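Input: structures, listed below.
Next come two complexes, and both contain subunit A; in the first it sits with subunit B, in the second with subunit C.
What follows is the complex of A and B.
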């Protein structure tokens, strides 16, 4: 039976498109409040140093400076000024010592932001440098300790056992065991072991971080560019020791987030400042300051596989160290969630995974589009090609032979459902014309191609709540905490509500996050909104529809008749009055993995699945290369708005393409040497592959809203190894580290010749 | 509208040279002349330079403006305040120095080119800039005025070191003069190693006077990987007066890579840049020869 839809499945334009292109859209950067002060952050100059003294006098002497604030001042309003989603390890301002170069150490407040900036440049600090550790593998056994003691947040029950642990930089050690890998290696015909590395990169949203806090009476209002307003309220209430209803968090549109604007970023700082001075306080970061806010985890991944002569993978072990930088942020969750899929989308009987979140003296790392999955796929999909190469196996058939299929248990024990892995691979090969002859180039120009398969689990368990409010004139307001940061969630959520209610989605008003008004949502993250909030919206709309029908029946009208909705309200209340409020709340089924074995019958609500293919052209003399074709195929269930879905697939792919070829935070003894967009290179139009193809499979997520599921991360997962594999195919040398650069090919060729 | 990161400073626009010299001659390194200001803005944003006063040259009139051929047609005069876009769109430049508009394609972006000035670019002294090595390869010279009078300098003699020029305090470049050499060919190779749009890992400006496959005379200027744009005179000596061929190109590439010690930075190691120099010197010369004398 083919379902017929009137609202979902159509490529309607974004609801906010006209406002955005005409400059009418609201952003926090525009906000100015009466009596508002601007804060400018003074940052530490050393990656690891004790703070002997802070001299604020020259800054305070500048005319127009309202106040210069350090952690001692913050303590007068927040006695325990440490925050974080997984660990309460991050001080609002550096406390006694600095843990990374660029850490906020003091703030200057002034009515004029340029005065605040000038004064911040006059603060001087006396430091005593202490030994630092930067590499994640070294940090696992180093005597240099970034934190004296682990301080897990009570909100994550599974981290409780870490409380008070001392003498380690390992914040979390995630384990998974299935079968007996050592026995598996022993009986395998071949064993392969490789080490892969991913570099540190950052989110680079066009809209840098910005937050405003405004304390009035006994209420704190935050206007903030956040992907997770509900969490901000919870954490600020905890820091202040206030009930949640005294904290209000409002979020308009975001100019990109990509996982960076999750949890607490500037919010704790502006809250403390506003409480101190009893005035509204705003902090807007510059583009350059974003490098010191949150980044993506560098990682070192040692992967080992036992394979039989016929190509069957018998056993695999994965040892991953995630460089979380100075503060845990959501790193421990990245460690777990990317950890359990780190053996790849393959059906392997014996698997052991050890995935460790490690503290170092680098800027903190957190969530970034893909939540660790792209770093793991770089390893497992390069590893697959290298095994096939060494064994002389066909790279596609080797994968196909081992591919996980629906109905089979993944490494965690969770049975694979609605994961179109093979379908996605087939479509990719078809678009790549894989079975047709390929021009491998000649002379100094060599061409190569590669494919890669990726998958990821989705953060679980998480909750979304939605409210549909039908007003007495028959119009509709949709109250949701999902933040539209460019992905188009307003539009898709309106399409879902419209489908249930029989409304034109463009007439539905989506009310943006305001924790006084909109209900709880865990956050706009990890490809979860379409599935979780989409379901909550569907349930809320169904609830409203049912209540409206009941109301119609109660006044003697036929439910669902073509009489206008306003008529129902007028008959019931004698005038245009009243509301029908539908509520939907959704939490997917979940079973907590066993702490020792990581086994769970339901570890993820659904699977993100994507395949990627690349063709490259390498100048074998200069080693400069061009990606001539990139194909990304994703299983996103039923696309609820195909055009928006393709834009998301494309955007995610471009982002990952930058992380693969151009972007790299380069450190020298803990100092970032390229903290500007002139020297941290994001791909430009000229870097884009000549052919750039994004497609989705014909799939349905059976328990998703109208068959849909998330699409925001899928193309990021296996794009890097597709390019790495194509480079290996063209040049015959294997790149083990990201990014793939001309010089890395040059060095690999040189090693190969030696 | 918040203007982030700008400290208070003065921008003054003198209308005479005397006034300009007065405003500049303070001995304060935070007082600087300004052409288009694009490079200064970058330095100010990264807090490498905190001005107290910027002296804009745009109202200084004739000596800084205009673009035209000399009466005898032997050279082209380019006023220092010409923007890059003005050069790019000039038919005169296109016919005498096609290398310039070819270089413009890879240089910064349209908004910068619309503002950045020829003189400011020359006086800035950043070794990564694309045009100074090109002017050097074209034997360009600059006219300089200062409180103590006027002088002329070869562009090649403008640079002392990393961001260091031979301009004295208060001295201003008023114009650039480039000789017209109809029998010379020139090219600029901007080699980027990360994104297509980046500072060059190496910049290579070459001009040659050819007779068939024989190199009568030439200039090879290397920039970006050194502290200042530098003539590769050893390589020039190897090539001058000889017929282009594979062995000669190898010899020239050897000379080029031996006479300079390149610097390692985020765009590449010394080893890799040296490798690139060897290849691109060879390729650029081959291209110039085959362009002039197709086989």
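What follows is the complex of A and C.
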């Protein structure tokens, strides 16, 4: 029987659409408070150096400068000024030494931001350079130590054993073992081994990072462009040694986030500054400064597979080094979560994975749309094509033969459920017209096509809590900590509540994050909101509905009658008064993976699944290439708002297209050389592939709210290898490193000729 | 820190004056001195289009223009596009096509699209892409933005046809 829905499943426009086209949307970007000071950050000039002395005098002499602050000042208000979600390793300002070029070292405060900026330029520092390490593989065995001692946070139980460890840059080693890979290689007919690399890229939200802290009395209020207000409150309370109820975190809309604005970023700094001067303090980064805030992990991935003559993969090992930069941020989680799926969506009996988070003297890396999965898929899906090529196997059939299917254990031991991998592949092939002849061209212009299959696990276990408040006039407020940063969560959550309550979703008011009033949510990240918060909202709405029916019954009204809701309140309270409050709380089932083998019966609440296909044209003389067609197919369960869901698939795909073809943070001796939109090229309208197709599979996530699950990352996972595979098909040369550029094709052709 | 001057100009149809410093940019002044939040500084280099406004009917990156030069001009921002509660057809088209996600770049895109259509009521795909090449959307609502331009163009043409 087909379920009939009135609210979910419809492509209603975003609730805030009108504000967005009239320029009235509320962002922290333009927030100003009375007596507010602007902070401008002075940044270190060396990737690894001891700070001998800081001369603030010239900056302080500028008229209008309120104060110049270094770590010594910060310590007077926060005695232990180190923060981070996984490790308490990041100082609020550089402390004794600088660990990457561009690290915040001092702040100038002034009422006029131009004065703060001018004065920041006058600070001088005497450094003593020390040897630095930039490459993740080198850092694993280097004598150069980024941190003298590891300082894991207590937040993650599985990091406790690392406390106090010295003499290493490896922040976390994630291990997985299934079967006996060495024995598997020994009995395989062929063994293939390749090394792939992904480059450092950056989120580049159009609203750069911005936070405002305002201390009044015994309370700290933060207005911040954050994807995780609950975590901000927890971490700020910890730093201050205050109870959480004295810290208030408010988040309006975000001008993009993409994983960057997670955990704790500028919040610790503005909190300390506001405490120091007892005034509101705002710091807004420039586009250039964003490159020094957080980035995506570069990664080196050595992958080895044992394959039988018939194409069956017998064993696979994955050794991955993640370049986390100077501070761990959430890197250890990336290492783990992307680690356990790094053997790809294949049914392989013998698997060993070693995934390591490594410190280097680069800007920190953290979460970015896909949470490491795209870097792993670049390796495992290029590897699949290269194996098929060498063995003369059909690239689709080779995959199909080894594909993971529902009911089978993934490498972690968790059984695959509701993961439409093969369905997604079939749909992709259909749209690509894969079975039809393909003109590869001849002479100067060559054409090629490629496909790739990707999947990812979801961060677990995480909690979401929602409150549905029915007011006495019958209107509804939905209180959630999910942050709408463009994905349309306000709209979809209102649709879920509307479905349960029988309300028109456009009449439901979504109350944005304010930790004084909105309940806990782990964070808007990793495709978790629709599934986790969506379920909490469904439960909250069901709770409210039940309580409303009880209230109706208590005043002799028939629940579900046509009488308006306000009538129930009027009868109960003698006037329009009172509330009905429904609460929903959700945490999925989870089993912690075994620390040695990574085995778990439930490692992820659901699976993200996406397939991608590309057609390219390469000019063999100039090596310039054009992606003429890109197709993305995703399994997102039932799309709760098909139009918004398709936009997520499309937007994520275009972002990944930038990471595949143009975006690359280029360093020279630890100095970033292209921290500007002029030199770091994100996709624009002229870069769009000629044909751009996004589809979802006809799927249902059986335990998701109304069959739905996350959609924000799936098209990113395997888009890069689809393009890399198409380029190999066109040119006959294999690109091992991202990004794919004319230059890298030229170099590969040159090597092939030599 | 620098010289000050009083500038007088027309802002969204209203005559205004303001004391500004020599180094202040137009986007600074609109944001901090007129409390207009629709024009946004993002890249600060004239590369992203988020801060696009019209000065004497020409689109300008307001992060690259010093406020002194506004003296005597006619300035229009996103806030001046709708006629009371009636949205401009381009704004309507953006809603219809769902041509935004986070919305931060949207003002700039709408200003640029409106300008394009005023010069060319029926632009080709190629013309649209080229004209909007200086506007960046990191959420990448590009396919929907293309749709919005076409919807807006059709709306404008039908309005033009309806006129006697």
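Just so we're on the same page, the second predicted complex is superposed on the first by the 754 of 754 C-alpha atoms of A that agree within 3 Å, B and C clash if a C-alpha of one lies under 4 Å from a C-alpha of the other, contacts with A are read in each partner's own complex, and residues count from 1 in each chain.
Here, a contact is a pair of C-beta atoms (placed from the backbone, for glycine too) under 8 Å apart; a residue touches a chain by one contact, two chains touch by 3 or more.
This is a predicted model, so every value here is computed, not measured.
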Discussion item. Just to be sure I read the superposition right, which of the two partners does A:678 touch: subunit B = first, subunit C = second, or both, or neither?
Written reply: both
Practice prompt. Check whether A:192 is in contact with subunit B, with subunit C, with both or with neither, and answer first, second, both or neither.
Written response: neither
Worksheet entry | Winner by number of subunit A residues touched, once subunit B and subunit C are compared | C
Discussion item. Looking at A:686 after the superposition, I want to know if it touches subunit B, subunit C, both of them or none. Which is it: first, second, both, neither?
Written reply: both
Fill in: Which of subunit B and subunit C A:624 touches, first, second, both or neither
first
Worksheet item: Who does A:706 touch here: subunit B (first), subunit C (second), both, or neither?
Response: neither
Worksheet item: Should A:118 be classified as contacting the first partner (subunit B), the second (subunit C), both, or neither?
Response: both
Discussion item. So in the superposed three-chain picture, is A:286 touching just subunit B, just subunit C, both, or none of them (first/second/both/neither)?
Written reply: both
Worksheet item: After superposition on the shared chain, which partner residues are touched by A:743: those of subunit B (first), subunit C (second), both, or neither?
Response: first
Worksheet item: Where does A:18 make contact in the superposed view: on subunit B (first), on subunit C (second), on both, or on neither?
Response: second
Discussion item. Quick check on the output: what are the common subunit A residues between the subunit B footprint and the subunit C footprint?
Written reply: 29, 114, 118, 286, 676, 678, 682-684, 686
Worksheet item: So in the complex, which bits of subunit A are touching subunit B?
Response: 29, 38, 113-114, 117-118, 121, 284, 286, 288, 621-622, 624, 661-662, 666, 673-674, 676, 678-679, 681-684, 686-687, 741-743, 746-747
Item to complete: Name, in rising order, each residue of subunit B that touches subunit A in their complex.
Response: 2-8, 42, 45-47, 191, 193-199, 266, 268-269, 272, 275-276, 279-280
Worksheet item: Within the complex, which stretch of subunit A touches subunit C?
Response: 13-14, 16-27, 29-30, 32, 62-64, 112, 114-115, 118, 203-208, 253-258, 286-287, 485-488, 643-644, 647, 650-651, 653-655, 676-678, 682-686, 688, 692
Item to complete: Would you tell me which residues of subunit C are touching subunit A in their complex?
Response: 1, 21, 23-24, 31-32, 36-40, 42-45, 47-48, 50, 77-79, 81-82, 87, 91-92, 94-96, 98, 100-107, 110, 128-130, 132-146
